[in-house]
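Chains here go by letter, A, B, C and D, matching the order in which they are written, and residues are numbered from 1 within each.
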Amino acid sequence: MVNIGVVGCGYWGPNLLRNFHELDGVRVVGCADLQKERLEVIKKKYPFLEVTRDFRDIVSSPSIDAVAIATPISTHYALAREALLNGKSVLIEKPMTASFREGEELIALAEKKNKILMVDHTFVYTSAVRKIKEIIDRGELGKVFYCDSVRVNLGLFQHDVNVIWDLAPHDLSILDFLLGKMPVEVSAVGACHVGNQIENIAYLHLNFDAQLTAHIHVNWLAPVKIRMMLIGGSKKMVVYNDMEPSEKVKIYDKGVTFISDEKEIYNALVGYRRGDMYAPNLEQVEALHNLCSHFVDCIKSGEKPITDGEAGLRVVKVLEACQKSLENKGKMEEIK
Amino acid sequence: MVNIGVVGCGYWGPNLLRNFHELDGVRVVGCADLQKERLEVIKKKYPFLEVTRDFRDIVSSPSIDAVAIATPISTHYALAREALLNGKSVLIEKPMTASFREGEELIALAEKKNKILMVDHTFVYTSAVRKIKEIIDRGELGKVFYCDSVRVNLGLFQHDVNVIWDLAPHDLSILDFLLGKMPVEVSAVGACHVGNQIENIAYLHLNFDAQLTAHIHVNWLAPVKIRMMLIGGSKKMVVYNDMEPSEKVKIYDKGVTFISDEKEIYNALVGYRRGDMYAPNLEQVEALHNLCSHFVDCIKSGEKPITDGEAGLRVVKVLEACQKSLENKGKMEEIK
Amino acid sequence: MVNIGVVGCGYWGPNLLRNFHELDGVRVVGCADLQKERLEVIKKKYPFLEVTRDFRDIVSSPSIDAVAIATPISTHYALAREALLNGKSVLIEKPMTASFREGEELIALAEKKNKILMVDHTFVYTSAVRKIKEIIDRGELGKVFYCDSVRVNLGLFQHDVNVIWDLAPHDLSILDFLLGKMPVEVSAVGACHVGNQIENIAYLHLNFDAQLTAHIHVNWLAPVKIRMMLIGGSKKMVVYNDMEPSEKVKIYDKGVTFISDEKEIYNALVGYRRGDMYAPNLEQVEALHNLCSHFVDCIKSGEKPITDGEAGLRVVKVLEACQKSLENKGKMEEIK
Amino acid sequence: MVNIGVVGCGYWGPNLLRNFHELDGVRVVGCADLQKERLEVIKKKYPFLEVTRDFRDIVSSPSIDAVAIATPISTHYALAREALLNGKSVLIEKPMTASFREGEELIALAEKKNKILMVDHTFVYTSAVRKIKEIIDRGELGKVFYCDSVRVNLGLFQHDVNVIWDLAPHDLSILDFLLGKMPVEVSAVGACHVGNQIENIAYLHLNFDAQLTAHIHVNWLAPVKIRMMLIGGSKKMVVYNDMEPSEKVKIYDKGVTFISDEKEIYNALVGYRRGDMYAPNLEQVEALHNLCSHFVDCIKSGEKPITDGEAGLRVVKVLEACQKSLENKGKMEEIK
């Protein structure tokens, strides 16, 4: 039996709580939040849970093995550190920390304490993203040329971080998982429209090498919800539309072939290939179920999670560089 | 009766020809193209037309009043200049010219010759864009915050210009028409994937002022055709999806209101408004019909076209700045 | 505090249980199911619940005020009867009973016992259906001409009833609520394809009067999930697409006007009107939450539920007539 | 060179004219229509055409080899008869004739005169329908269980025939082509809402055998345009959505398997299979181009057209039976 405590019962915490609660071999022992009203809602749903306004009741409880942290980003480091110091395994909401330095420290601490440090990069645990990973890894797309991601809707405006730190971790963690490499330079531009000095729309551009780029549009002030990624490859191309009820992933046997014949320079330089499209069947499982289950498995086996502290740190590193670029009007920032 | 000649019978020229042919009070006299096969296709459809491989037969023909130019961009200037010098009114495919300097010259020449110079910014003549213009002008959106345009599909790769010069003129001309002002700085990034040193994917960012930005994604190597523009305003927001058979324009009564109460800093900073959506009925007319008809009207009346040389020149100015930024890895370029 | 017991923990029962559990002023006391495995799942989620394989523990428990029945249709009557006899209020899954006679008895019994008898016509409690009702009632559609409903997907095949008794209650209860009247005659055709003598596809046709008809396509063997209703009126028309994440209801200002001029008999007999479309904002509430809340309110106040026994009986009456028509190859059956 | 004359220049005639005109080896000689205004429009587009208000100028012209008839249904027989008697091959708009008897006569006459008689069942010449035919013929769907077709939109109301005779020929000709057999009985219900005693909405039901049925919803008074056919098979299922710009045909590897184990009667009676979906690439050709080209080929070779008089007659036979059923409130009509 793995005993879990949850810190933070705002928007996301209750989802973690529910998923842990429904797992076999897991007991959710208690949860903490600063707001009394939230605890009352939890208590109504789970009358057997211990609830507390003091996170220390969770992170230092001897009856708890692991802590899930779903609080504002600025508090991730302090809460995770405290939990690790108390010998708990830790699952942290994305992004892992507010800075690269904080992330490095947590990784070192987890290693020293020999505890699991995992980041909640939820989308990595979806059937859709896993299927795309499989397709890329078996070479079906050929060389990947670009990824273009749009993640926009109305709200939820955050008070402490801009839209990049709020939404882009989803895209960056998907790209990290799919491509398996870091960009060498990034740029970001954005704007804020609702008076709080926090950007609500932003565009990120990532260069991996001369031929591989990624682009991300994140936006809290859009009239419709769009969650769409285009992936162009030399052989095939993917449309990943997360808003589709089924058929989220479509693989197109489409592309161009370049004919480098000097004499042909004004005709037929480019040949088009338009073949069939297919949409692989995707298992209907809640990603968070997979994620929570994986966290518990890692605690039991001692194995590294797929989205471990290092994965979390890579995302934070790119976020920091984007933030710097944003403050410099989109100037390219190297990632060292 | 206005007598028209068409130069260039590739992809777009035949559309211009057909629309002029169907107008009352207009006679298409002849057309020119370098390729014999194209002329044969035209001759089969319009056996009464004069066809020629020498554009001079058109631009200097005494029986022709106006010339429509639908040739590669690099030839626009020379052809339009010749036509104007011969006293013809001129309609040029977008973008007007390959450089700002060329555009300026044509404008001066048209003025001197007292002839109409019009640019084929087709989308400005669609019911959809006109409806959006109407909605913006009557203040329905409030202050416009951003425009985000995606214009991607597979092909048609051009041999002489990159995807910015090929596709972005559509978006830039729509923005020029809708917003009625020039950006103060722009940046562009892109990549080429098919070996011909010509960018096939690019992202443009335009800053108008601190609160108004525009972003454009143009792409010849996408698996699906997307033609979508989001327009965010302080009061309402628009989704313009040109791929919809009807309901191309949707206006959302959605938005956020910012509460600047210091004490409320952690709650309810932002209020959301989610009202009805409506899709105005759009007249079902081919944009090119409107455009050709407007060109003929201007020839008859001597009035300035909506998309006159100045409009064409503004688009070229932004394209040139984007090209420069592209060559400098996305460095912001001022528009003076 | 209203104390609730749930009988039947298959597909739908757990949804009722969850919604009752989350209501204030309600306590779910226990639940019954014949299958041990299902009870174990419930016990895992709600460790504080009493679970039992004997429904009598629920329907006769002195600590229970009301019973929700979510079992196979053939058992509805016996279970509801037992509960009413024990002085419990009753909520029954659709369709209320397997026959008109059974339904009549339950209504009489509930009246005699002065208890609430309510039927789970879920869709009547959706924001979408309520909005459409509002629109019809204020005359916005003019005279309603037809309703066409398509409710198809793959599965869930039932073992004891055909697709009409399984899916059509949704459509019939929506029509009952929207139109407020009974059809005067109905017909039904269907077919079974998977060997169990139970129709998996069927079409129902309902005549209300010479000008108002309804048609329903229900199908367990369709490749895609469609939940769409068209409602044609003399002034406006509605598309209700339940698969849309938002914008489920669209109202079209479209129609025709008939010109009865004898002289015009070959031209312009019909004039078309194509105006704007709008999609009213719909409150985002789970229908089952509204339904459970309404049931509890009725228990407290003694008021008749919107979907009371009479509403349930009307649906059963139409189902019986459709079944008879189905067995007579689609012969029209009068509804007396 | 095949010389063609067109009779009828309303909605569809000009499309036939344009397609014949663009074919190699074909010359459109002239066209006839009762309305002067229509002839003027034709003359403007095709100044080299002979136009006439007297159809006899076409059907008896010695310089014409074949006649395309696109006039109201009631006139098909007389016009086609006249043309055949004058030794012309004939292409007739769907439905071929207003009655079975008329159709039989035309077939006999065409045979006697040794001329081509072809019916314009346009959809049979689309890439989509041909691809589905190919898929069915190679057994990919297994046994076909049902076809469900929806063909609805606003307009065009006809003055002389109801919506069944206007729209259902499309569906009936598609079914005739795909299934290669006749229904054994049919029924039809409908209603008229705009005062002219002509049904504007109708539902057709066709039984082929105990396991194969087809259903058709045709409607002139719908707020949106839907052109969708579901085809259920024992192995796979098809969605044919003609409104999709691409991906019109989707094949779903979905279905159920029936387990006839007596002991399992309450569980797992039905197993579900949910595999991948694919959308075959479809050639982008105008169906009417294929059709016109096929007509000309048949004239040259003397071969029977795919949609010959017999195909046209089968459709008329079903229409007549549906009309009879419609007048008998949906009573099943045998097709002998």
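The rule is short, and it goes like this: a contact is a pair of C-beta atoms (placed from the backbone, for glycine too) under 8 Å apart; a residue touches a chain by one contact, two chains touch by 3 or more.
These numbers were taken from a predicted model, which means no experiment stands behind them.
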Chain C and chain B - chains in contact with each: A, D
Chain pair with more C-beta contacts, B-D versus A-B: A-B
Cα-centroid distance, chain B relative to chain D, in whole angstrom: 40
Distance between the centres, which are taken as Cα means, of chain B and chain A, whole angstrom: 38
Where chain D touches two or more other chains, by residue: 274, 277
Partner chain C, residues of chain D touching it in the complex: 145-146, 148, 150, 152, 154-155, 157, 159, 187, 189, 191, 193-196, 201, 203, 205, 210-211, 213, 215, 217, 219-224, 230, 232, 234, 237-239, 250, 252, 254-258, 260, 265-266, 269-270, 272, 274, 277, 329-332
Sites on chain A touched by chain C in the complex: 21-22, 24, 44-45, 47-48, 225, 243, 245-246
Complex contact set, residues of chain C against chain B: 247, 253, 274-281
